[in-house]
Amino acid sequence: MDLNTMLSYNWGAMMPEFIILGTTMALSILDLFWPVHFNRRKLAWFALTGIILACLSLISLFSFETVSILSDTFRLDSFAKAFKLLLLIGAGLIILLAHSYEPKEGLREHRGEFYYLFLTALLGAMIMTSSGDLITLFVGLELLSLSSYILVGIRKRDRSANEASMKYVINGGISTAITLFGMSYLYGVTGSVNLGEMSRTMAAMTDGQLQYIMGLAFFMVFVGLSFKIAAAPFHMWAPDVYEGAPTPVAAFLSVISKMAGFVILLRIFLSLFLTAPGDAFGALDFLEKNNIYIASMAGLTIIIGNVVALRQQNLKRLFAYSSIAHAGYLLVAVATLGGGYFLLDTIWYYLLAYVLMNIGVFAVIQLLSSQSGSEDISVLAGLGRKSPYLALAFTIYILSLAGIPGTTGFIGKLNIFLGTFITEPGHFVLAGIMIAGTVVSYVYYFGLLVQIFFRPIHSDKVVKIRSGVSVVLIICAIGTVLFGLFPNIAFDFLHDQFGDFTDFISSE
Amino acid sequence: MNAYLLSLLVFSPLLGILMVALMPKNEERTIKQFGFFGTLPPLFLSFFLCSQHYSGVALSSFNIKLDWIRFGNLEMYDPKLFTVNFELGLDGLSLIFILLTTIISSLAAMASIYIKQGWKGYYLLFLILEIGMLGVFTAENLILFFIFFEMTLIPAFFLIGRWGFLEREKASYHFLIYNGIGSAILLVAILILFARTGTTNIAALTQMMTMGGVSLFAPISSSMKYGLCLAFVIAFAIKLPVFPFHSWMVRVHAEAPPAIVMIHAGVLLKIGAYGIIRFGMGIFPEQYKSLAFGIVLMGVISFLYGALLALVQTDFKLVLAYSSISHMGIVMMGLGALNEAGLQGAIFQVISHGLIAAMLFFLVGALTERSGTVMLPKLGGLAKSMPVFSGFMLACGLASLGLPGMSGFISEFMVFLGLFKSQPVLAAISVIGLVLTAVYILRAVMLMTFGKNDSLVEKEKLDLEGWEFIPALVLLGLILLIGVFPNLLGGPLQGTIEAMMLALGGR
Amino acid sequence: MMENAWLIPIFPLVAFLVLLLVGGRLRERGAYIGIIFTLASFMLSLLTLMERFSAPTYKKTLEWLTLGGTQLTAGFEINQLNALMLVIVSLVSLLVQIYSLGYMKGEGRFSTFYAYLGFFTFAMLGLVMAPNLVQLYFFWELVGVGSFLLIGFYFYKQEAKAAAKKAFIMTRIGDVGLLIGIILLFWETGSFEYGEIFQAVQSGVISDGSLTLIAILIFVGAVGKSGQFPLHTWLPDAMEGPTPVSALIHAATMVAAGVYLVATMFPLFLASEAAMQAVAITGGFTAIFAASIASVQKDVKRVLAYSTISQLGFMMLALGTAGYVAGVFHLMTHAFFKALLFLAAGSVIHAIHTQDIERMGGLWARLKWTGPLFLVGTLAISGFPLLSGFFSKDEILMAAWTNGNYFLFILAVITSFLTAFYMFRLFFMIFAGESRRQAKQVKESPAIMLLPMLVLGVLAVISGYIQTPWFGTFLGEWLVEGNETVLGAAHSEGPAWVMILAVSVALAGILLAYMKYARTKLPREGLVKENSTLYRVLENKYYMDEIYYFTIVQMIKGISLFLSYMERFIIGGLISTVTGSIEGMGKIGSKLQSGQVQQYGMIAFLGLAVLLVIFALTGGYLR
Amino acid sequence: MTGVPLSAYLVLALVLFCIGLYGALTKRNAVIVLISIELMLNAANINLVAFSKLGVTPSITGQVFSLFTITIAAAEAAVGLAILMSLYRNRKTVNVDEMDIMKH
């Protein structure tokens, strides 16, 4: 690989990643050399600028043809574009949140680290969306994971933060190992790490033995990635880690990291297992035949997430379980493959909704908990009277999470259901579990609203809202309602820009 | 102009919302006034619609259809597939329900004067609730219907939980969860239809389900049609509510603020009946026919069960709650009768009970304001201290037990007329309920108004006064009007009923 | 005039509305509004009746309710029967209202009282003018409400409250029967109109079974309204209402509505032998049953109430034995003399402020007008020759005899005897014997009360002469005119000894009463000993109330309580089981979340292992 | 050397993986847990290398992959130990089972 080849690559395709990378490096250098007394908070604006630039460059890449560079390890297809956009939006919002994050003991000198670690994590996620082979995929995954281990524990002197990050490392390490082990088998049966090639080899696979190993590998990869998306029974780290992590990091884990998990899951499933034969005769596709496993995990995740959330008193833990449940809903879409017509629309839209509503919720949690020093749900008490607009915004997010019409959450769920019903026979049991889970979720979601509107005021302290958070709150609230009432804004955008994601599998 | 009139009607409470929202939150008087004025635009618009109808303008000319959502990217198959339009429409049935909604909303807004705190939030939610109700009755497709349906749920949850009586939170939870289950079932049914046919337009679905349409995707088997029809019926039976699904509603009646129960009993429960007529009967006439026996049975059980339980309650609100269950049983009986008399009777019963229940709860509100309780053992002899109130109460009670000359009689008469034709045995069993109804209503009303005057109400200035006459007189007037000239109500319904009967296959 | 007959019920309605709206301010003057409007109504009724003598039946209907292809109509019809009823009702109502002016003096809620009376009169007039069954039912229930309101007029009295409720509910039971009957009839004949129904009945399209069923159901309605056994218990209690109300509603008009109903539906009943039997037997049994109770009651109004029940039974008996004319005739005469009796009793009560006849006596001298008028009424009801009751009762006995139902005939004769006995028992106990009060305390009623009584007294004497075996059967001929084939003969011819028998049993009854109560020649306890079982049974009205209380009322209460426990425990338990199990799952879930990271890993590993094992064992063929 | 079949390497890797998993899930000392995780990652490396040499379609990419993996494993170990150190500073323990202030 000489210089000419290097230069012949269309590096423009990696523009957003380069921008993020550049910002990260700039930030780390700045952090290193700026005087100690200099407020690191300002670095957030650099980071935000970087993200916005990356976003703009990504938008300018929309018209870019699908390319794959670096011998097909990095692909810029519509799938990558679409999900990168979501990642960047989410990251931008979280940076704004982090900007006004003020834990009791303060972040002090770690604030600078926080921003560039955050960006590296983002970079990892972005690479995952674009990766065209297992190596980049794995590297991206680990970049994301390692950065988030540190982010979780960035409050070095906080005991629960230490514990959370330790737990995260151990669990994450195990999951990485399992994933990698599965990937090694996949490599073994195909002899390649390039997704395109692998998919071709696997599609032509007739040897029952190899198919069997491929099945085992599938489960290992799936389980390993399930840690990332916190699907039951691989979800158990999530509540503890969310609780111990700084609120913006919890938001990051529950939104960006989970989104990355789904993206990689889809990448692998769709490019490898969709076309792989499910049995020796090749009558059924692998995914089609084995979707019962995914479906039962989805069901389990929904049940556990919603049911255990009922008993939570800590806001972050509660939303950890809530986000577990939402992962379950998304897994339903994966299991049913969106009925064959709706898969990517559904997941993209749901993740968009999820970004908006969940970051909104975490913004409110951050505001309230940093003010009162407690994360108990009683800090919400009387919010409706104390600061009605904040309460209104929170209500919007909650309604959206609960899937009430008029919000994005509803349209998202609706999409998932369409996918479950459109095939024959429909996935009625799964849909039943999902709808039952939704009803159960009303209990705890509305329990929060009960605190806000029906209970007497918890403390008279006025909630001070920094501009960064208020921007997040407003964007999330407006987005939630806007895309809920006029989802076609999002759908049309998706279809106009990315069509049917037809360039997903194609590779030269 | 006509095309936008309906959307204007549905969203006209927004004007009030805006006005109330702009008020500072301590301006009690102004907020209450604006809140009430906010219910007037829809009221006048609905009157206007009604007058248009009577002057011969076809109701369908008010229909509106705008592009809204398109799910999936299936343009290459058929651009109309999986589209959900914003489409509102009107027919005789919805016109009647809209009138009921606007009238009761205005009166309930008036009765909300009794609300003691949090006026701003109250009226905002109240007006949102009204938008939801208006939307439910005009929605032309299932998704839109569902959206408006849920839109009634959330404000009602807050209104009950925040402004209700002692156990309000529990009541609001029960309300939420039961209705949540109901709407979950509804949603599943709606989405199965949507997923399998690619449309949610009610007319198109009716066409497909009865004539057998072409499905691009997996077809809807006939057993699935039964399932869907049953799902619709159960979902709306929870809303109505009938016997096994009623316990939430009892709590709501007992704990919600009376003005909200006016809306709740007056309009919200009626969505159940509307839904069964529109979707259960409308979309799946074949399947509905074979479920009819079960529906009637459910109705009969509710009718008797509600009446029997109302007999032993000591809280007047609970008496009314069980009486509502009982009366909704009559609706089910009518709906299951599968003939013109039954269906028309059921619709009449819906409207009539809406008015009567609204009036009763208005009176409950007025009494609570004065005595602080509506526990029957604590009341008595109100006829002496509050003769006018007692007169209205008695009139209302009589209306409720189906006295001729009042709206309740017409509906009960028609329902039984219909039921004796199609299910004579069940009808014969259920007539016991007519006697029981008289027993429990007289018991409750007479415990309050008759007897020795030893109740808590023993202060000066007790009787109804001033504005309080307006809701009472308007409602009583409407009850009497329908009772004496039933064709005023029956006229606009004929078209809808005929169409339904045609689909059900004759009388 | 007949085309304007719809105004007849409208007048009292207007009075009702006016009094309701402005009555509070008018106070006692409100009474005049009621009286004037009722007078207008009476005059109009009279004119209508006059016109009806020469003109044919007039009927006018308007569309009322569209029911698919069927149009229900509302309107009015003036035929012989209801033209007559209109006059009776409006006349009695008018008289009672005039009477009340005196009787209710001092009552604070004067206008309310007149408003209720107006409402009742409206409903009753509407009932008799109804051209179809739906409208009849419509007013049928309104009449009940009028009665309910007036019985409960003294709302603060516990007894009045209970009586009002009982009256409404007991009659409601009957009403339900009527309603079912009407509905079934509609499905059999396709119409609610009398004419079409009768046509259908005569054309024989209805099977015998359903015909009988329908007729009996309709009769159930009549049983409730007319206080026939077994739904009679409300009527004596209804005496808690003001006495003029008892005269109007529970003697002359409303309770007669049942008889009117059977008379109106007579062709239907005629078509079913069994239904006729049922009517006759119920009537006959009720007649003697009530008469026996009346013989021992001590409350003047209750005696009259049981007497009313008994007389209504007579009328049913007449109808049931095909004596259409006899029934209607007795209905008319009874209206007059029973109203008279009640008003006179009211006058007595007004004078001495008690209703207990054992505390009365010797009032003949004090109540110079009331006494004779009461006597006239008593004689009339006892069937004393040449008074109205004599003729009408005679007509009934004739009908029963000619119908060939000898058992019922004997019942009727015994009842006649009992009637004479208990009525004169009442009379003598009130007016004969020694006075137990100071002269000053007892005052004759004012003229305003006496005048209506006088009018009724005259009518009680002369009204019988429109249908006598001697001076022609004008009433009967007119009533059956045009319908002879259906309604039967204008007059039942029978052996002359029937009349003699009737007179002699009446006289015997009077004599017995005279001996026992006026002369005290015979011990008062001669016939039935006090404290004997039979006496107690009679005094407690055969324990009917108690039987109902302990069976039906208690049973329903029991069911209700059982259901409310079921609601609380079973349904509530079911709900809490569901919520509890969900909560329990949550509890287990959060217990598993022990904070031990290695345990998390273990669970995850187990998850993986399970997936792999299942996949391995099934070879990936799980589906 | 060439006589060793692919399956032997695969079994070795599997055994190593299981040992690592067992250690990670049972050992109290966090350091050992981290080491066990390394063991699991290295088991995967053995697989990769073995497949690269003896797989159905041998190729060099497997070895490239394992190089990446080794690097990442190192980074992971570093991060893990760093976190463990800061934990130790605050808690004076490296026992995994004492890390349970957040639960339920």
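Going in written order, the chains are labelled A, B, C and D, and every chain counts its residues from 1.
Everything that follows uses one rule, which is that a residue touches a chain if its C-beta (ideal position, glycine included) is under 8 Å from a C-beta of that chain, and two chains touch if they have at least 3 such contacts.
Not measured: the values here are computed from a predicted model.
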**Study point:** Set of chains adjacent to chain B and to chain D
**Key:** A, C
Exercise for review: Could you compare the number of C-beta pairs in contact for C-D with that for A-D and name the larger?
Suggested key: A-D
Point to revise | Chain ID, smallest distance between chain and overall C-alpha centroids | key: B
Check your understanding: So what's the Cα centroid distance for chain C and chain D, whole Å?
Key -> 96
Check your understanding: Which whole number of Å gives the spacing of the CA centres of chain A and chain D?
Key -> 26
**Study point:** Euclidean distance of C-alpha centroids - chain B vs chain C, Å
**Key:** 37
Revision key, fill the gap. Taking each chain's mean CA coordinate, chain A and chain C are separated, in whole Å, by 78
Review point. Which parts of chain D, given as residue numbers and ranges, touch two or more other chains?
Key: 21, 24-25, 33, 96, 99-104
Practice item. Could you check chain B for residues that touch two or more other chains and list them? Key: none
Review point. Where in chain C do residues touch two or more other chains at once?
Key: 590, 593, 595, 597-598, 601
Study note, to complete from the structure: Those chain pairs meeting the touch criterion are A-B, A-C, A-D, B-C, C-D
Study note, to complete from the structure: Interface with chain A, chain D side, in the complex: residues 10, 13, 17, 20-21, 24-25, 30, 33-34, 37, 40-41, 43-45, 47-48, 50-52, 55-59, 61-62, 64-65, 68-69, 72, 75-76, 79-80, 82-84, 86-87, 89-91, 96, 99-104
Review point. What residues on chain C touch chain B, complex-wise?
Key: 20, 63-69, 134, 137-142, 145, 152, 155-156, 158, 160-161, 164-165, 168-169, 172-173, 176, 179-180, 183-184, 186-187, 556-557, 559-561, 563-564, 567, 571-572, 575
**Study point:** Complex contact set, residues of chain C against chain D
**Key:** 590-591, 593-598, 601-602, 605
Study note, to complete from the structure: Listed in rising order, chain A residues that touch chain B in their complex are 339, 341-342, 345, 384, 399, 404-406, 410-411, 414-415, 417-426, 431-432, 435-436, 438-439, 442-443, 446, 449-450, 453-454, 486-488, 491-492, 495, 499-500
Review point. What does chain B use to touch chain A in their complex?
Key: 67-74, 82, 121, 143, 146-147, 150-151, 153-154, 157-158, 161-162, 168-169, 172-173, 176-177, 180-181, 184-185, 187-188, 191-192, 194-196, 217-219
